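There are structures below to look over.
Both of the next two complexes hold subunit A, though its partner changes from subunit B to subunit C.
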Partner chain A sequence: MSQISLVAKITFKDCIRTKGLYGIFLLGIILFAANIIFTGMFSFEIGKMAVDMGLSVISFSGLIFIFFFSIQSFFNDFEKKTIYMIISRPISKAEYIIGKFSGLGLVILFSSLVLGLCAAISFKLSVMGHEAYIPQHFTWSFFFIAILFLTLSLLIMLGISVLWTCATSHQFIGFLLSLMTYFIGHNMETVKNMILSTKIFPSDALPIKTINLVSWILPNLAVFDLKTQAAYGLMPDVISLIWIALYGLSYIGLCLIISIWIFNRRELA
Partner chain B sequence: MTIINFSEISKSFPHGFKRQLALKNLSLKINQGEVFGFLGPNGAGKSTSIKLLLNFIKPDSGKIFIKDLLVGKDNFQNLIGYLPEIPCFYENLTALEILSFCGRASNIDKKTCKDRSWDVLKKLNLEHAAKWQIRTFSKGMKQRLGIAAALLHDPDIFIFDEPMSGLDPIGRHLITDVILELKDNKKTVFFSTHILSDVERLCDRIGVLDKGHLLFSGEINQILNHGSTLEDAFVQLIKINQGKNNVTN
Partner chain C sequence: MKQKSFILTSVFFVIFMGCFIASNLIIKENRKNMSTSYTLQIPAIPARAIKLITGEFNGLMSDFLLLQISSFLGSNQKISSHEWQKINLGYQQILTLDPYFQQALMQIQGIMAWNRDMTPAAIDLLKIPEKNRPWDWRPGYYIGFDYYYFLQNFEKASEIFLKTAAIKKAPILIALLGSRFAVQGQRVETSLLSLKYMVDDPELSEDSKNEIQDRIILLEGILILEKAVKKYKTLYSTFPGTLNDLIKENIITSLPEHPEFMPYQYNSQTGEIKY
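Here is the complex of A and B:
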């Protein structure tokens, strides 16, 4: 455990001091400022727009971090051989993977915390003087639960990018596969529902079975997107939230187990 | 007493659709307390041997033992201080943070780690840069920090991959002094190099490797049977081996 926390600590410190990360935060803050300006243009949906944009900015910043920093950080370890500094100590490859994931995950948690507070402030400022347009059932607790689930979906994407990084030997391929998984994960539920609603195929037809199988293998990221519910204050029941959280955590665990399995077989030449 | 034992190690790497041989039946023993220099031209297999020794890569066949521990099965990392050919660190961390990580990972307690970090930084003339981020370091400073990290947990065995590469004469002198001090303290040092003058000054025994074959292993005066100087003898050995390979091909 201590070896994992050591790797996590240096990864977190190294990332948090990266100048590019400040750029992401700056971009986030600019988008929040834009949020205050633009939501005023949607006179009847100010509350909904403010929540929607606020959560989208957190998601966007998190994804930039994963695609451009996390994947690069892993590949730098392999290409610049920084990993030798770690693996030549009594640290196993499994501890390295979990430590690295934890360090990068901490950066995502930190960024969600900072940008989440910015989103809350920008929401507050956007609806100031327009209190009548705040959805009737809106609650701050559900707003922050939505941020929590958004962060969980980012951690799943981080787990997936770790997996693709371990499985491929080139940074661009790792990036491309992670990006594809993100798009499929976000749209799969919609595509599945669309095909099922057309009733072209019977429920036991091969295309339906294939879609069901793929929807189990690839992450269903759409279930973590609670933006609309948060904006209208339509809180799902607690049991389904617990199931979604368990699904997310299991998916991360599975990604890490497969990553470790692959990485243990990889030569660090 | 043998402290490092390469036993019939072979290793090849994928090269297109074929596999290219990097080491063939390497058997080599390094004794406790000796400074062993590993010589060879570029691509001879020196770094591959070191990577195998540290379990970064796995051999196709054969076994490597460090003391009685089997590399790839047992935990041996705490016995070793390793300096890579080009030491790379997390660039946004300070030298002290790097050493703190290395020491704590090698199971040194926090206070001892802090004290030892300052000691090794002082020894390698890096005391002034202790709180600088690594990205501000020159190549030579990184090399010295790499040595500091290897010395930190006071292991019995040191493995240095081209320790003098990229260093200015003062840096080389400093590293030479460190190796001589380790020799005085009866530590085992296994290092690869191209610089023959360093070998003559530092090594008790040497090994000469070319195209994955160990051509010679023994004391320096024994290799002088092949030439009047170490350089002559080294060149002769390599030429003879390349002649053999050409005949075989």
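Here is the complex of A and C:
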């Protein structure tokens, strides 16, 4: 456990040293200004736009961090040979993977926390004096629950990027596969509904079967997207939220286990 | 050598800077009056496929599309029928991305529905927030209004108004309008049922209860008279000349009570009764 926290600490410190987090803070400040300008262009339920904007920025910055920073961070360990320094110590490959994931995950949690607070403050400022235009059912608790689920979907993407990084030998391929997983994860449900709504194919047709199969391999990221519901305060029932959380956590666990399994078989020399 | 290089760099710097300033000034001047968008940039893809592009950023995309349409409509130019179709597609995309969007709902009703050719399309669009905002009486109210005002379909207007009137905190006016159109659309019995259901709502204020109660008395009166006129028509193959003929022929013993002590309006040519 101490080895995992050591790797996590080093990874987290590395992120701070490379000034990646300063960019996130800057994004938070820009969000403040953009939210106030953006919501001023609407006349009804302006709180909805503030939530749209705030939560989208959290998601967007998290994705940029995963695609351009965390994948690079893994490959840097291989290219700069720092991996040898780490695994020559009494740290197993499994501890390295989990530690690395935890460190990068901490950065995502930290950025979600900072940007979440920025989003909440900018929401408050945007609707100041327009309390009547806050959506009728809006609640702060659900706003933060939506941030929590959004963060969970980012952690899933991080888990997937760790998996693809371990499975491939090139940074660009790792990036492309992670990006592909992200797009499929967000759209497979929409594609399935579209195919079914056209009624061209029966429900047991090959395209539907393929999507059903893919849904057992790639994560359905759309279920973690509660932005619209948060904007209007339309909270799903708690039981379904628990199932979604369990789905996310188990998927991350599976990604890490497969990553460790692949990494243990990988020739580092 | 160093001096020559410095002079060369400075000359290029001055040339580039001059070109930049001149071009930027001209561009700014040319675009000074473009405060609104004169072209409508709605992605030409079916509404149900729009989510494939936006992924998880559907809320933000719906905001952007709405701003596009608002900007175009705000340019006050004459909108062609082709552009109305594009606006319709834009609203469809917006409501696919965010089916609760109130600003879109207001714009559809405030602008699109008033173009007679687009009223049916506006009604179809309004049905999306009507379904997704069950707490909000406005979508139903607007749909009912469009059926009554633009399409002159009193029966449908009444049906929608009475359904909408059942939403909590809906203005009592909607129920009253629904019952008025019910008379015109010959749906008095349905209207009575809805009003009787509403009057039992414990959250209804005393004033609203009294107003609905009056309307129930009125509708019951109309129902009695309608049945009596029908009976008269069966017996004498013609409509009665006045409502008092119904008493003379012993079809009813007295005219039903009118809560505002006004006479019921009767058309002896068509047998229609109004209040």
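A few points about this structure:
FYI, the second predicted complex is superposed on the first by the 264 of 269 C-alpha atoms of A that agree within 3 Å, B and C clash if a C-alpha of one lies under 4 Å from a C-alpha of the other, contacts with A are read in each partner's own complex, and residues count from 1 in each chain.
Just so we're on the same page, a contact is a pair of C-beta atoms (placed from the backbone, for glycine too) under 8 Å apart; a residue touches a chain by one contact, two chains touch by 3 or more.
What you see is a predicted model; the values in this text were computed from it and never measured.
Of the two partner chains placed by superposition, only subunit B is touched by A:Q3; subunit C is not. Residue contacts after overlaying the shared chain place A:L196 against neither subunit B nor subunit C. In the superposed model, A:T82 makes contact with subunit B only, not with subunit C.
Once the two complexes are overlaid on the shared chain, A:K13 sits against subunit B while remaining clear of subunit C. Legend: residue contacts after superposition of the two complexes on their common chain; A:P90 is shown touching subunit B, with no touch to subunit C. Applying the stated contact rule after C-alpha superposition, one finds that A:L218 touches neither subunit B nor subunit C. Which of subunit B and subunit C touches more residues of subunit A is settled by the count: it is C.
Against subunit A, the residues of subunit B that register as touching in their complex are 13, 48, 51, 54, 56-58, 75, 77-78, 80, 82, 84, 86-93, 97-98, 101-102, 104-107, 133, 149.
Of all residues in subunit A, only 38, 41-45, 48-49, 51-53, 55-56, 59-60, 135-137, 153, 182-183, 186-187, 190-191, 193-194, 197, 221-222, 225, 227-228, 231-232, 234 touch subunit C in the complex they form. Those residues of subunit A that touch subunit B in the shared complex are 2-3, 6, 9-11, 13-15, 17-18, 80-82, 84-91, 267-269. Within the complex, the subunit C residues that touch subunit A are 48-49, 51-52, 55-60, 62-63, 66-67, 70, 98, 100-103, 106, 135-136.
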